[in-house]
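Listed after this line are the structures, all set down as structure tokens.
You will see subunit A twice below: alongside subunit B first, and alongside subunit C after that.
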Partner chain A sequence: MGFRSYLLKRLFYAVVVLFVILTFNYVLFRIMPGDPEKMILDPNFTPEAKMELRRQYGLDDPPLTQYLNYMKSLLTFDLGMSFSTRRLVWSELRERLPNTIVLFMVTFVGTAALGISLGVSSAANRGKFSEQLVMGAGLFAHAVPSFFIQLLLLLLFGYYWPILPIHGTISAPPPDGAWAQFLDRAWHLILPAGSNIVIGFGSWALYTRNTMLEALGQDYIVTARAKGLPRREILYHHSLRSVLPPIVTLIFMSLPGAVSGAVITESIFSWHGVGRYLLDATLQMDYPAAQGAFYLIALAVIISNLLADIAYGLVDPRIRVGAGAKR
Partner chain B sequence: MALLEVKDLKMYYRTARGHVRAVDSVSFEIEQGKALGIAGESGCGKTSMASALLRLLPSNGSYHGGSVVMDGKELLTMSEEQFRKDIRWKRISMIFQGAMNALNPVHKVGEQIVEAILHHEDVSREQAVKRTHDLFGLVGINPKRFNEYPHEFSGGMKQRAVIAMALACHPDLIIADEPTTALDVMVQAQILKSIAELRQRLNLSMMLITHDLSVIAQTCDSVVIMYAGKVAEYGDVVDVYTRPAHPYAMGLVNSFPNIQAARTEVRSLPGFPPNLLAPPSGCRFHPRCPLADEECKQVEPAVREVGGNKHMVACHKAEIVQQGGDIWSR
Partner chain C sequence: MTQNQRTAEKAQVAKAAAAAAPRRLTFWEQYRRKPQGVAGLLIVALYIAVAVFAPVVSKYDPMEDMYLADNIAVPIWLTKVNPRYRELPPTMQFNLGFDSWEVTAADGVEVTGWEFEDAEGISIDLPATEAPEPVEGEDGADTPPDSEDSGELFSIVSNVQWDPFGLVTSGQGTSRDEADEAVSLDFSFDYDYKKPQTFSASMGYHIDAPSDASTFIELDLVTPSGKAFDLWDTTAYGSVSNGSFIVDARDFDLKMRLGISFFDEPADVVFSERGTYTVRVKARSDSVSGPVNVRIEPVSFGVLGLAHGLLGTDHMGSDLWAQLVYGTRIALAIGLSAAFIAVFIGTSVGLIAGYLGGIVDEVLMGVVDVLLSIPTMPVLIVLGALFGKSVMNVVILLALFSWMGIARIVRSQTLSLKERTFVEAAKAAGGSSNYIMVSHILPNTMPLIFANLVLRIPSAILTEASLSFLGLGDPRVPTWGRMLQNARQFGAFTKMAWWWMLPPGIALTGLAVAFVFIGNSVNEILNPRYRERS
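Right after this comes the complex of A and B.
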């Protein structure tokens, strides 16, 4: 039992949350102002033609039927056809998804690595200039609205010092050869991912520093020092390791925020991804497209929360036992 | 020659309102294979002494003189790196209050011991694991529990694990800081018994820090009674307990009921320990002392020998105290 029952419980919660989110998602798009018909119907159509189109899209069904159809098709990944492009939403999302995942992963790994290591070094160098510099810069970047920093970078690298690409995921036309394409993609990633890392590392560094300082005051750190362990070992193996559970939780708890951040980042840097697709679809009252993107993002958030629970159970031995036999 | 010789050791804490003289001109010796007890009220500098010997001062602590010599080598001026590698745990180890937080909650208990061995000795991992199993057996923990985490251990077992850890690198001196304070009396007795047995078997020297005089009577050869960061009285346990020469030591000894003697009321010492930021003038004990006179208020008493056998005391009135009589009921 133990870890397994803990996992099953988390999995059950995840399914419940998904159901609730999908229901909200359905209601939300139907109470938004504006009428989708105007997006797809020519005003010159005859009322009969209008009715026929409404029937084709299922817009004349009662709300409950629409809801059941909606649920059924989402579960089978049949996301319908976009009102504006008349293409299948799922195939449109599928080609954008890898771009979003790449941007997200690079941002995530970069932010966590930079933030946590700077946090550890700040805790180790408490009161010194380097700590104040890291904390000051991190808090500043965190406090300024993210789009503002990104727009400044856009201005800097797009206009004054145009050495980095500010637009898209790959050059048009793409260079020849897989390796050249890979490099070209990485080159396009620098600004969007880099700006995200700059914006995000501060809260990581601050949180890591604070929990580290608390850990460094614990008795077991005195034990580790008394044992004659080297400083590095004490910092990483004993302090950081013992505060990893709350840090990991915070990492995964920040994922939903990272997803909404992706909408902004992708829009500013014209990144061909799911976030930008969601924004465009919403602005165009494109129900199926927006709902599809929303569905995907909700799934991503729920899965990352599930991952958080698993990771938490793995890094903190007390959770493994606490969730199992003893309770 | 003594194994460890502490002379005039001064360690102060820096605070916003001045220096706190936590350890102030403390001197004592520990002989090879002997046990020394350090006793005193909370806040008298006992634990500060322990951290000063292992050079584990908090960031606001600093040395203000004195020396700590082990086998003829001065420990306080040794380079940090050399001290860490050659002294910590290898020659001087420490038994912490294991029931509290001395073990890291996220590492396996066995690994925390293996780690100490691997850092100080050139042995393979298998050998270190093997030795840890032996140590578990030595202190009475089933070696099968090597892979368990601290939260799976009871308080008494944690304390045993902490003792096993202190023995890991065959040290010459073990500093035990309140090793039984958080445990219930039964477990306390077991732990003290195993410490005493292990000491005999391994010919270990020990410095035992506690506020519990009965623990010292049971396990130690000599005793230092500290008051307000200074040595009040120092000598053989029997001498100090039977013929205390400092009013404070006498008060401490009297404040323990004797189950074999006639029923008397247990005495407590009136007053509170002084503020070490601004200790009293002259003898630091004078505001609480029934014998205090003008001299005690003005002149700080030197540590001097009374009645031979290296029985040292810092009191102007030691002779009156030793004459017997109940000074505390005057």
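Right after this comes the complex of A and C.
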């Protein structure tokens, strides 16, 4: 199986997943409690007006037509109007998307940088402090509820020692000037992104350490050592190279989890983002809004999974050159 | 050599070999040597004990018992440690029966006990008054009798009259002429704390009297310096059965009757002193045609504390320690059942996919791939909101979205097992697929399954806690996630009530860590190959 057919297969999978999610989304919000009619229509309307509205919204069409229409509208990001704000869902989402992406990217880069470097250094220095730190942080990441850590940080830096902003993405009257606004946003980012990094770096570090240790035990490393290569060179050129594919996979595999975390983080820190929008919309039974947010999140996850597969194919020579492509 | 001799010889050789090789340690012997595993087991045992003996560990019910103290009360021990919370009052709730009172009675008045539910009530026999005197006892500041005419229909008249300027007040500081009370019941208690936020009193009473009699009952609170606050009084005409009243410091009525300005709180004014306070019930009657019997049910008087129990109270005055203790039950129940269901599904799918292979494998693993790439939390949020918030639904949802990893592991194990000779032999002997899967392959995947089951539990517990924390948990059960959500939503931050947030979080962490310890130890013993992973 060459790279191309590998890619095609992954693409096919992504399309299937997208289809499943869209259908799920369609069915789900049709069986949700509450009649869509009652949400849009005023009970005082005349029967004729009701009929007309039903026709306009396509509620009289057969289910299959409704389904196809729905698919078409989702693909064109026509997500309908929010019940609660009476604004287009897509414009609301578009407004929040940058915030979510910024929070996500900062978290992601921070977590990966800290986690991978700590993992490598702990694999290189076995039995030293850094290894214990990594082991502890790995356990911590596995066993401590993330929202609890965030609540504690919020209590600590927002109330006991109020030095950091505790909610929102920007100060209420935004400061003047682009530079000042940028700083203000960064200032608001510290607590949400920082708490995510604190929670997340442990599992990264542990994973990197374990794969590194496995690689360091391989024969070619022994050979390299026997050749008298410097330790650093062995570490960074030989073993790190070979653990890159699994780490790259991990990077992208962690995306769905990161999305889950984003919902909680955004709701704790009142971050003006997509995750909190989904939660609020769901709790308020604002179905079009919830559906739209869910669609957007699922789409992001699918795309990132596809990217993971492509990246994996690129960094793993076995797939790139089309040798034993067994996953 | 006979057959017998040969087997005997064989047995001997085997025995010698066994003696020479070091004896294989049993699972438990290996487990005992893992400090982490033992610690995890002990912690889990502690949690289980707490869950089982929850009613013993906590004397309050986490949901039913409300208003045990004021909202967000501080833990009692904190008042001894932290100067900021020093001298905050605990909850004082008195149920005053006959024995509690110190009775001062005029001549001819007889005070006895009468049977009432749990504590003894007070029965007061007031003699008939001799001559028609002018209407007695209505102090100048009280409502004039003629304004009560409309109330006669109901026999009980509340003579509340608000003095908007707070200049002339009925009770505040005016010491009445005690001599004209026929009977006075006193109960004293020491109050040596900061001011409470609220207090309350309630009482039921019955009066048997001739129809032309008027009976006056009053409830006072006397401060250490002797100021008497008239919390409640009534003048009843004729007989009254099942009269009752409730006074609450939060009622606006009380503010009016005590003549307190808009911006003051009755509790602040009344409990401004420290020392011995006295609850006083007074009664007298004006009855020409016969004696009057007044029966008073046990009086309840309480000050809602600002300090309570081990962990204080939440926003409804419910005991946080009780919520923490009972939360153990829910956490264990949800974690165990969700993990069991997930492992069951995962094992079945993995076995079938791995053993049957082909198109079945493709399809099942396709499903696994699809489910793995769906973001779990958003789906759980949406589904949780859709299917209603109950523990059962949460368990099922958690299980449905967490079996995929186990399916993959079991499948790969099955793939390697099905090539082994013993499976070939079973096939050759004519064993059916079902039989081989259940009796030959499943037992060999058990160690893996078991370790994964244990490691599944903490993530189920943590996911449920996150859902509860987001407001999607069952509102009828006390879970740790809900405690944290309440803490966030109802003002634990502004009051810096760390005692509300730390315990549930630590309880969650402790339980999760314990299960991770156990799972890792089991993995190290049973699945040494997987030691470096997960």
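We adopt the following convention: the second predicted complex is superposed on the first by the 278 of 327 C-alpha atoms of A that agree within 3 Å, B and C clash if a C-alpha of one lies under 4 Å from a C-alpha of the other, contacts with A are read in each partner's own complex, and residues count from 1 in each chain.
We take it that contacts are C-beta pairs under 8 Å (C-beta built on N, C-alpha and C of every residue); 3 or more make two chains touch, one makes a residue touch a chain.
The structure presented is a predicted model; accordingly, all values stated were derived computationally and were not measured.
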Check your understanding: For the overlay on subunit A, clash or fit between subunit B and subunit C?
Key -> fit
Review point. If you stack the two complexes on chain A, which partner ends up touching A:N305: first (subunit B), second (subunit C), both, or neither?
Key: second
Review point. Which partner, subunit B or subunit C, touches the larger number of subunit A residues?
Key: C
Revision key, fill the gap. Three-chain overlay: angle at subunit A's Cα centre between subunit B and subunit C, nearest 10 degrees, stands at 110
Check your understanding: Can A:A137 be said to touch subunit B (first), subunit C (second), both, or neither?
Key -> neither
Exercise for review: Kindly classify A:L250 by the partners it touches after superposition: subunit B alone (first), subunit C alone (second), both, or neither?
Suggested key: neither
Check your understanding: Does the superposition put A:V102 against subunit B (first), subunit C (second), both, or neither?
Key -> neither
Practice item. Kindly classify A:R241 by the partners it touches after superposition: subunit B alone (first), subunit C alone (second), both, or neither? Key: first
Review point. Now for A:R225: first (subunit B), second (subunit C), both, or neither, which partner does it touch?
Key: first
Exercise for review: Quick one: classify A:V263 as touching subunit B (first), subunit C (second), both or neither.
Suggested key: second
Exercise for review: Quote the smallest CA-to-CA distance from subunit B to subunit C in the superposed model, rounded to whole Å.
Suggested key: 14
Revision key, fill the gap. Interface with subunit C, subunit A side, in the complex: residues 13, 16-17, 20-21, 28, 31-33, 139, 142-148, 151-152, 154-155, 158-160, 210, 213-214, 256-257, 259-261, 263-264, 267-268, 275, 278-279, 282-283, 285, 290, 293-294, 297-298, 301-302, 305
Practice item. Within their complex, state which residues of subunit C touch subunit A. Key: 366, 369-370, 372-379, 381-383, 385-386, 458, 462, 465-466, 469-472, 481, 484, 487-488, 493-494, 496, 498, 501-502, 504-505, 508-509, 512-513, 516, 532-533
**Study point:** Contact set on subunit A toward subunit B in their complex
**Key:** 218-220, 222-230, 233, 237-238, 241-242, 244-245, 315-318, 321
**Study point:** Residues of subunit B that touch subunit A when the two form their complex
**Key:** 51, 54, 56, 84-85, 87-90, 93-94, 96-97, 100-107, 115-116, 119-120, 149, 151-152, 165
